[in-house]
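Quick one: this structure, given as structure tokens, is what I'll be asking you about.
Letters A, B, C, D, E and F mark the chains as written, and numbering starts fresh at 1 in each.
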Amino acid sequence: MTLQTPIGKYAILLASLDEAELELFKPALQELSYCQGRVGSMNMQKVIAAAETAAKRNGIIKDQCYRETHALYHAVLEGIEGVTRGQPSIGEMSRTVGLRFAIVRGKPYEDESEGEWIAAAFYGTIGAPVKGLEHETTGLGINHI
Amino acid sequence: MTLQTPIGKYAILLASLDEAELELFKPALQELSYCQGRVGSMNMQKVIAAAETAAKRNGIIKDQCYRETHALYHAVLEGIEGVTRGQPSIGEMSRTVGLRFAIVRGKPYEDESEGEWIAAAFYGTIGAPVKGLEHETTGLGINHI
Amino acid sequence: MTLQTPIGKYAILLASLDEAELELFKPALQELSYCQGRVGSMNMQKVIAAAETAAKRNGIIKDQCYRETHALYHAVLEGIEGVTRGQPSIGEMSRTVGLRFAIVRGKPYEDESEGEWIAAAFYGTIGAPVKGLEHETTGLGINHI
Amino acid sequence: MTLQTPIGKYAILLASLDEAELELFKPALQELSYCQGRVGSMNMQKVIAAAETAAKRNGIIKDQCYRETHALYHAVLEGIEGVTRGQPSIGEMSRTVGLRFAIVRGKPYEDESEGEWIAAAFYGTIGAPVKGLEHETTGLGINHI
Amino acid sequence: MTLQTPIGKYAILLASLDEAELELFKPALQELSYCQGRVGSMNMQKVIAAAETAAKRNGIIKDQCYRETHALYHAVLEGIEGVTRGQPSIGEMSRTVGLRFAIVRGKPYEDESEGEWIAAAFYGTIGAPVKGLEHETTGLGINHI
Amino acid sequence: MTLQTPIGKYAILLASLDEAELELFKPALQELSYCQGRVGSMNMQKVIAAAETAAKRNGIIKDQCYRETHALYHAVLEGIEGVTRGQPSIGEMSRTVGLRFAIVRGKPYEDESEGEWIAAAFYGTIGAPVKGLEHETTGLGINHI
């Protein structure tokens, strides 16, 4: 079994590159199902909701299907572990995030029977609730769907 | 204070893009101090050591300076939190990693007094200790130095 | 020293079986001090409070005794670790729980000098704050009292 | 969508009840795919391997399919979070486990489109590496497969 | 390189000893930059804010400098890990803290090039939100600044 | 109920002060049951074993009593959470500790019915496995016994 289409890498690039930089990757991205979004909050629940809502509105996952919601939820939580590095809290730990995110769905493996997987990537800033007192952060979660 | 030079984003790109893809970012990278490396292991200690050794050998941090070693160590650990998503163990949790990493040192902020910061990024695969039974993973840590 | 009376197993059964299924275990349960309860919430504090209140109202622990409150609190928290698997948050992580719980107090060990211990077990569902988008979960904590 | 077949509850019962006690649940169990096993170790990697090997040998998951291995691995890790309550280490934290486990695969939801899910349950003892200095522990993980 | 001035130990003593007991350490303390404070809350954000505000008001760190705010923030969070032992939540876990704290800034190492470091120590009680149902707790974080 | 005898504070002082500094606290210490020890290791299991062995050899806890071993074990683990701040690993995270520790047993509360409690405190250094590349650390755990 070989990892053929790096949906995680594409998710990271979609979350961190600007439009001009993404041009280079457009051909590869056209073969994937994905969406992008933004969220700024001290409230983790809003970050999770922003990613889920974007994925549902853009048809990346089926709205009333728990199976797909469950797959995305765990991918999102794993991405948030990278963003928060250690404790998945923001407001309670007196910090805020400003994030861009991307959800990518596709078949990463050569072997057809491995089926579809989903990647959730975040890139942006985390820091004190004061403009500018912040540094970059990223996170990526991947799950079978 | 404004975040002007995204050393974290450059570290992620250095860890995840191939040579051809990196061409686009060469001009920006030339103004930074950085190194790249690879490590594959079931042993977390080896992953940490690979990053520290590469940073010291390439002069990104000063060898006998605890201050700089301490700054890099915490950046590396935060990157590993993203890689391992939840529990910073690999072998003990019956999984293995194959990672490329990059360490970038620079002045991300417009305001000169914010000084130098260091970014440690990882990108690669994590999975069962069987070739191919793995998916992508990434992590980024940032610290003042 | 031998584990003779599995108060943890009885707590799990009290939390997860229905009345008819519990019939089989009634003789053993009659020799133990226990209570049962239910709680549904996105708020962890309410889950902890429900277990503590039930234990105090049913005389499983002494109301004004910190020693016993402390023993139960840590048993409850350990049970919640199993319920939440990784991060003891619910609402902040955009999820909700619907739980049945049981607190059992007894002497699990043959050797009289090992004294009394307390078990707190939870069983129910955890999931998105949308009815039906949830799966089962359980947790057990045990402490000397 | 309704939770109709509690595969998690059956997994807990398979891991914690003895043969005689399980009689009551035999009719329901006959409609599920499951296996049982035992493992005693100070080494977490052996606990994970025991569960994976049992599931593969008994045909609960397909051997060379990463998708199914990934689903089981995360269910097992979530079960271990309940067993270890806080830090998924055993030997390093100077403790040992003696566990019975069960892996159950089935369709828990009424709605056919929710497909198959997998439950991994553990029940046994955790304690000092001295016979008898131990108490009960349990854990349950559930994942879509 | 030798650890010459234990700023962490002085921070612990400043947080835990009373005025009379501190007399013994006055000569050593006079060579350090430090402040002391108190905070009681079920809200972690208030604990972090109390420490940061005290440090800024007393000139231990520069107000508008992210570099110094970042150094202190991580020292404070590490101190809180000791206070909360496992999960940095208070109110959500149905507990409250009453803490004295001290922030110490100085040069702990003989070698001048190791520069300044900051220590944040907490000492007080943690427990149920009922007066008296609590026990002692402490925590110390140290960072380069 | 009032906290009358701060066994946690005495444990911290016993672990961090030198003989001369401890003189001041000798009268209070004479009414408590305590022991002191030292341990340096990259292996967490050795740190836990050192504390348990010292407590048993000095008669602070009863050797063959699981109840007391369990109480001390959790106090020690909570102390280690403070020492390691986030992840209770040392060698696996490429770091080493050099610690002094103290175990104190006594009746902290005015109300006789609150009985005996145990405190485990650690103070020393944590850092890279290179002499001098380390900073101070501390931790305190408290439990009813």
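One rule holds in what follows: contacts are C-beta pairs under 8 Å (C-beta built on N, C-alpha and C of every residue); 3 or more make two chains touch, one makes a residue touch a chain.
Given the structure is predicted, the values throughout are model-derived calculations rather than measurements.
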Quiz item: To reach chain F from chain E by way of touching chains, what is the minimum number of steps?
Solution: 1
Practice problem: Among D-F, E-F or C-F, find the interface that matches A-E: by residue number, over half of the contact pairs should be common to both. | Solution: D-F
Practice problem: Call it same or different for chain A and chain C: same when shared residue numbers make up over half of all numbers used at their interface. | Solution: different
Practice problem: Please report how many Å separate the Cα centroid of chain A from that of chain D, as a whole number. | Solution: 30
Quiz item: Just curious, how far off is chain F from chain B if you go by their C-alpha centres, in Å?
Solution: 36
Quiz prompt | Centroid spacing, where centroids are CA-atom means, of chain A and chain B in whole angstrom | solution = 20
Exercise. Find every residue in chain F that makes contact with two or more other chains and list them.
Key: 1, 66, 70, 86-87, 89, 92, 109, 132-135
Quiz item: Inside the complex, what are the residues of chain A that reach chain B?
Solution: 1-3, 6-9, 12-13, 16, 21, 24, 78, 81-83, 85-86, 108-109, 117, 119, 121, 123, 125, 132-142
Quiz item: Quick one: in the complex, what on chain A touches chain D?
Solution: 1, 64-67, 70-71, 74, 109, 113-115, 143-144
Practice problem: Sort out for me which residues of chain A touch chain E in the complex. | Solution: 87, 89, 91-95, 127-128, 132-135
Exercise. Would you tell me which residues of chain A are touching chain C in their complex?
Key: 43-45, 48-49, 52, 66, 69-70, 73, 77, 87-89, 92
